[in-house]
Structure formats: structure tokens, C-alpha cells
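Dropping a structure here in C-alpha cells format, bear with me for questions.
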Amino acid sequence: MFEGLMQNLVFGILMGALYGLAAVGLSLVFGVTKFLNVSHGELLMLGGYASFWLFTLWQVDPFVSLPAAIVFLLVVGAIFYKLLFGRMVRLTEGEKIQKTLLVGFGLSLILQNLAIHFWTADTRSITTWYSGAVFAFAGVRFPLVRVASMVIAFIAVVALQWFLQRTYTGKALRATVENWEAATLVGIDVQHVYFLSFVIGAALAGVAGALVSVGYSIEPTMGMSWTLKSLIVMVLGGLGSITGTFVGGIILGLTESATGFFLSLTYKEVVGLVLFILILIFKPQGLFGTQGR
Amino acid sequence: MHRIQIALTVLLIAILLVFPLVIKSDSIINLAVYVLLYVSLASSWNILGGFCGQTNLGHAAFFGAGALVARNLWFGGANLFLSLLAGALVAVALALLIGVPAFRLRGVYFAIGTLALAQILYITVGNTFSMISSIPAQDLAVYQLAPRYYLFLGIALLTIATAYVLINSRLGLGIMAIREEEDAAESLGVSALKHKLIALVLSAFFGGLTGGAFAFYHVGYYPQLTFGPEWTFDSMMMAYIGGVGTIAGPIIGAVFFVILRELLALKVAELHLVVFGTLFILVVLFLPGGFMGVWEKMRQALARRVTITPVRQQGKEVGKAEIG
Amino acid sequence: MLRVENINAFYGDLQALWDVSFQVNEGELVALVGPNGAGKTTTLRVISGLLRQASGHVFFRGRDLSKEAPHRIVELGISQVLEGGKVFTEMTVLENLELGAFIAEARKVKDESLKWVYQIFPRLEERKSQRAGTLSGGERQMLAIGRALMSKPKLLMLDEPSFGLAPILVQQMFEMIKEINRQGVTVLLIEQNVRAALELTHRAYVIENGRIVGEGTGEQLLSFESIRSAYLGDGNV
């Protein structure tokens, strides 16, 4: 029984790392631009399919093709920004959130159905020669692929944090989050900052998606579920904190696993959503709190 | 309403009434059923989402609840109309249950909160009622399409009529004031919560009623289907494309949607959603009034040319004056 | 150096500035004084590009700023310090200053600029590793000004630098501003604290209800009867 629980919790942490990564991407975009891009999950889905097809058609190892997935999502993100989201930069904060929600949702519908059209609705997964590799420790099995995914997710988040804390551009991003007027008066091109955050957020989603495709499975309709998970984690982890969000992802993963173990699978799928609603209702600031300033 | 509009409306209703008597093709009547279904669903969404400005992403919960309750009662031998009413009332109860806490959330909080709630129901129902629900053999033998059609027609007319009456009432003014500027409305003595709840209740009632009609109509389906987010999203898109916050908007959107789906179904199943999604984005970004908005602008432009000219001061229009 | 001509500016439908015109010559320390809500901040926002004027022009060193984005205007040599000295509270004093040198030209000479700012504001060097959010009001104001100086501006625009400061600090603040001007930076100053501003500056303009209603040297304005009674009589308006 105990081992069963430990196994479950381990799986929860491994999954949670990917929740965290996805959420960090969304959080970055929302924090800087106040765009609530609910097609974030579809961007993740695209990352997953990029990885899948590179592997299926040209036998490129999914971990090796990660940079390609990143580049792909940077480009896709740039296109969506220029075409759609970039037009909403000048709106008031309330309008921005509302309109990007609607636009993001329309976009997610388009992407979902195009994916179904081109790739069929079948569930896909990448199976490499090492997919079955597992190492065992204290009676608990650690699937190698998932552990590697968690490590990569962790590295990605650390890299992002380094970028934000140690580079001029990263600091410009943080300055814009705090006070875009003061930022622009220092010579920061706020438009450019918005663009950058958006495409980086997309790239992070892409990485998460690629990792999901090899350790788990992907399908065209996975977007909404992942967008919701990202939203839940964003709210759980507290806005404005990259590490907080990542940890929030792990917490969600753990919570889901524990719920699934102690209650049932139905509740596992639902517990995150319930948590989400409770936090929205009881946490006074929720998503739009003035970030403490 | 102008006399022409009244006459056209009466004519339209007359046509709709004799429709199944004249058209013998079942597939066309089924199409009409779906149009009417979506008219009701989009219009009911529009009451809360359009007129009151509260974007409700969980409308499917009402549709599903109405369907679930009505179906089970009807199968259990209860009178059809009572079953439908029960379904609608359960949807209202659900709305009140979630509405009071949900309305503590402003704007987009409300939207994603309702989405989460609907998803919870969707998943729970899927796990609890996992068996397909089919109309019993003896009922299937005497299944007739025409009554279903008239049921949907009745609900659609009722929904639209209610929306119309609501909008032209003082209550409606309060509801629309909430949409424009909630805080300002509150300071003028308009109770935001009360008005939002009324809009919510009406929206839920007709959403649930439509769901019940669906339960009466559809032969076999998994109960989870009626809680699916696509019902919400399709309704919302129809309302926006047709003209959110207008009476005719959802109607136009519904007709357009079903026709588009029919036309594109010959190619590949889901492409109509791609087209629709694109249109939706275009409307949100560039044409917020949707089809009705464009129509209004054209009408104004034409009218302006004939008798009314704008009066400009410092390059900005400050009023209109009639000439000739 | 700076020529503002016939600016009309609106917030939505509300007109905030009416035919505002004035100029600042190189090396001057000019003040724009007036009561609360007169349009002083609005004027600065138009100059720095945060607010687009409906009509009129702003010329800086011969160049029309009308079409430029705010960050470009910084590159051209104008630096504005917002009211309340908005600093980036989550970052350290040093990081704030470094961000001040964000534009390419300034980044090259960042280290020298830093020395220069520390020379004017020694307190900032003491606190350089502290989070800006932990600074006192006066220190934040200094940081905001120091940050603005890091971009090596030709024109420094200060919005109410004395706001919220204790009287002693106000005096110090103005001393520092005078010093900055002495070191070659042209300064445009907005102040509600009319007496202090007028004593400090070469020239000043008076703005009321969005219109320029007076102009002169500091001494001239100080002696105007209307100014004395309106602004210097029983406390500030």
C-alpha cells in the first residue's frame, strides 16, 4: 500500500513538472502582456506533434529534436502575435484580458480542428528504444523518459529565471511587468518586450508539448485540458513568481495523484478544477491582484 | 417595431409553422431542428453573455442538466412537458448554486470559473453515466419528427420573445447598464447582483429547456455529450458573429452556422469550425457588432445620405441635422 | 532646444491642454508651475510621447517628436522622471540604475555614468545592493532621478521632485537639481511648490487649466501680485 502510494506520488511529481513548465509559459505571457492566451494548450499540442512527426517521419530522437520544437514554436508564436495578439496591445487591461480570451479561444478551435483534419483524432505517442527503460529505487519505479523530461523542464525554468535575472533584456521584461511607463521612459521598447514574452511563452509550451509526446501521449483535443491545468497552476503558484509557478505545477501533480490514489480516478481529473474554483473564490486577489504594489 | 418588421416576423413564423407540413424530407427537417436548437441555445447564452456582458463559458452545463433530468424523467414515464419543465428548473437551480459565488468573480474570472465548473460536470457525468442512453424500443417505433420540430420551434420563439420583452423593460435597462459599466450602475442604485442573477436564471432556464428538447429529440447518445464545451462555444460564436447583444444576432449566427456546417460537411467533418473560428476572431478584432453591426452601419450610411448629415466641430462629429 | 508649439491634448473627449506653447533653451533650468490638475504632467507626457497630442508640435533640437515612440524619444535625449519617482521596486538600486542606461548609447558609457550619478547622489552608492522597494521616499526620488541621468539625457524632465518630501529634503533635492543643471543637463521642472521652484529657476511658465497664463524669470514671477496671492498667500492652492 505504501509503495503504491509512493509510486503514485512519484508519477505525480514527474507529471507535475510538465504542468509547471506549461504554466510558466502562460504565466510569463500573462504577467508581461496581460494577454490571457487560452490557446496556450494548443501551442503545447503543436510542440508535441512537431516532435512526433520528426520522430515518425525522419527518426529524429525526441530529445534531440527539442531545439527544433523550440524554433518551430518561436515562429508560430511570432506569427500569431503579429497577426492577432499584437493588435490588442493598446487596449485597457480589462479589455485586453477579455478580448485575448475570446481570440485565444477562437484560435484554439481553429488549431484543434486543423490538427484533427491533417493528423486525425488518434492519440499518438513516441516510443523509442529506451522508452521502456526504468530504474527502480526503494521499490518505486522511475521511468527514465519521464525523469529526463522532468529534468529538462527544470532546466528550462532555471534558464528562464537566469534570463530574467541576469540579462539586460530579461530585466527589461521584469521592469515592464512592474511599470510599463517607467520602463518605456528608460528607453525600453515595450512593444518588443511584449513580442518577446509571447514567443518565449510559446516556446516553453512547445518544449512541454514535446516532452509530453514522448513520455505520455498527445492528441488534437488535448489543448483545453492543458490550458486549464496551466491556469490552475498559475493561480496556485501565485502570479509573478516563476519558481512559485513551477512548484505549483508539482503540487498540482501531487494532488492529482494523491486524489486518484485515495479516492478515485474521476476525482483525480476533477480535483484541479475544484481547487481552481476555490482559489478564485477565496483568494482575494486571484489572477489580477495588483501584484502587491 | 416598425410595421414592416412586425409583418415580416409574422410571415416568418407562419412559414416556420407550416414548414414540416410542406417539406417532406426528413433530413431537411432535422436541419431545421438544429437551427432552432442553436437559435435557442445562442439566444439564451446571449441573455447573460450579450445583454448583461457576463461571458459565461459554462452554458453547456445548463443544456446538459436540462437534458439529463428531462430524459430520465421522460423515460421513467413522466409527462413530457413536466419533464422538460423539471429539466429547465434543475438548470436554474444549478445556476443559482454556482451563480451566487461565481458572481463574486469579476469579468474574466467569471468566464474561466464557469468554464472550470462546466468541465467538472462534464467529467463527472462522463464517469457516472458512462452508458449510452437510448430511446426505448416501443417509443422508437412511434418516433415522429414533426412534434420534435414544433417543440424546438416553440422553445425558440419563447426564448426570443422573452429576450425581446426583457430588453425593452426597465429590468433590461438595468441588465444592460451592468454590461456597460458595472460600478457606475451600482452607484446609481442598480443592484448588480440582482440583475446578473436574473439574467443568469433566464439564460439557464432556456438553456435547460433546450437541453430537455434535445433529450426528447436525440435517439441515442452518451449523457456526457450534452455537457460538452462545444455547445457553449458554438453558441457564443454564433451570438458574436451574428451580433452579440442583439435579438437577431444569435438567430443569424445560428442559421449561418448550420448552413455552413452542411455545406462543408461534404468535404471534411470539422472544417466548418475552422471557418467559424476564423470569422469569430475577425468579429472580435475588427467587427465587434457582428453581422448586425455591419448591417446597422450600412443602414446608417444610407440614411445619412438621404436626409441626415452629421454636424462637425473641430473635426469631430457632435450631432446630426436633417436637411431637405 | 525644446520648442513646444500650440499643443492641444485630450484625454478621451476631455481637453486637457489648450494651445500650450513654450520653450526651453540649452543649459537652462526652466520650471512649469501651476496648481493641481493644471496640465503640467499632461504636458510632460506629450513631450515624452506617452500621450499623443491632437494638434501642435514638439520640436527637440530641431526635430519633430510627433511621430516618435516614447522609447525613441529617450534615445533622442529626453529623460522624464515620473511623478512619485516610480522605481522598479523588485530590483536593486544598482539594477535600477543599470536599466536607466538601457539605450545603446548609454550602455557603452554605463560605468562612467554610474560614477557620475554616485557623485551627485552618494546615498545611492551606499544602498546599491538594496531592493529599491526598501528605500525611503526621498531616496526613491533620488534613485528615479539618478536612473534618468543614466541615459545621459540632454533634457531632463522632472515631475514634482519634491512631492511628499520633508522640507529639509526638499531643500537638498533642489540643491542636487541645481548641481545637475550646473553640470550641463538642461532641466524642465514641474512643481506645485511654487516658491521653491521660482527661486531655483532661470525662467518659468505658469499654467492654469491647461493654458499658459504667465511667463518670466523666477524673480519676475515672484513679484507678481497675482502669483503672490494665488500661490504664496495662504499656502498652496
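Labels for the chains are A, B and C, by order of writing; each one numbers its residues from 1.
Everything that follows uses one rule, which is that a residue touches a chain if its C-beta (ideal position, glycine included) is under 8 Å from a C-beta of that chain, and two chains touch if they have at least 3 such contacts.
All values derive from a computational prediction rather than experimental measurement.
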Which of A-B and A-C has more C-beta contact pairs: A-B
Longest centre-to-centre distance from chain B, chain (CA-based): C
Between chain C and chain B, distance of the C-alpha-averaged centres to the nearest whole Å: 55
Chain A and chain C, separation of their C-alpha mean positions in angstrom: 42
CA centroid of chain A to CA centroid of chain B, Å: 33
Chain B - residues contacting chain A, complex: 55, 101, 104-105, 107-109, 111-113, 115-117, 119-120, 123-124, 127-128, 229, 233, 237, 240, 268-271, 273-274, 276-278, 280-281, 284-285
Contacting residues of chain A [partner chain C, same complex]: 168, 171-172, 174-175, 178-179, 181-182, 184-191, 293
Touching residues (chain side chain C, partner chain A) in the complex: 48, 50, 69-71, 74-75, 79-80, 82, 86-91, 95, 98-100, 102-103, 106-107, 147-148, 151
Chain B contact footprint on chain A (complex, rising order): 36, 84, 87-88, 94, 97-99, 101-103, 105-107, 109-110, 112-114, 116-117, 224, 228, 231, 265-266, 269-270, 273-274, 276-277, 280-281, 286-288
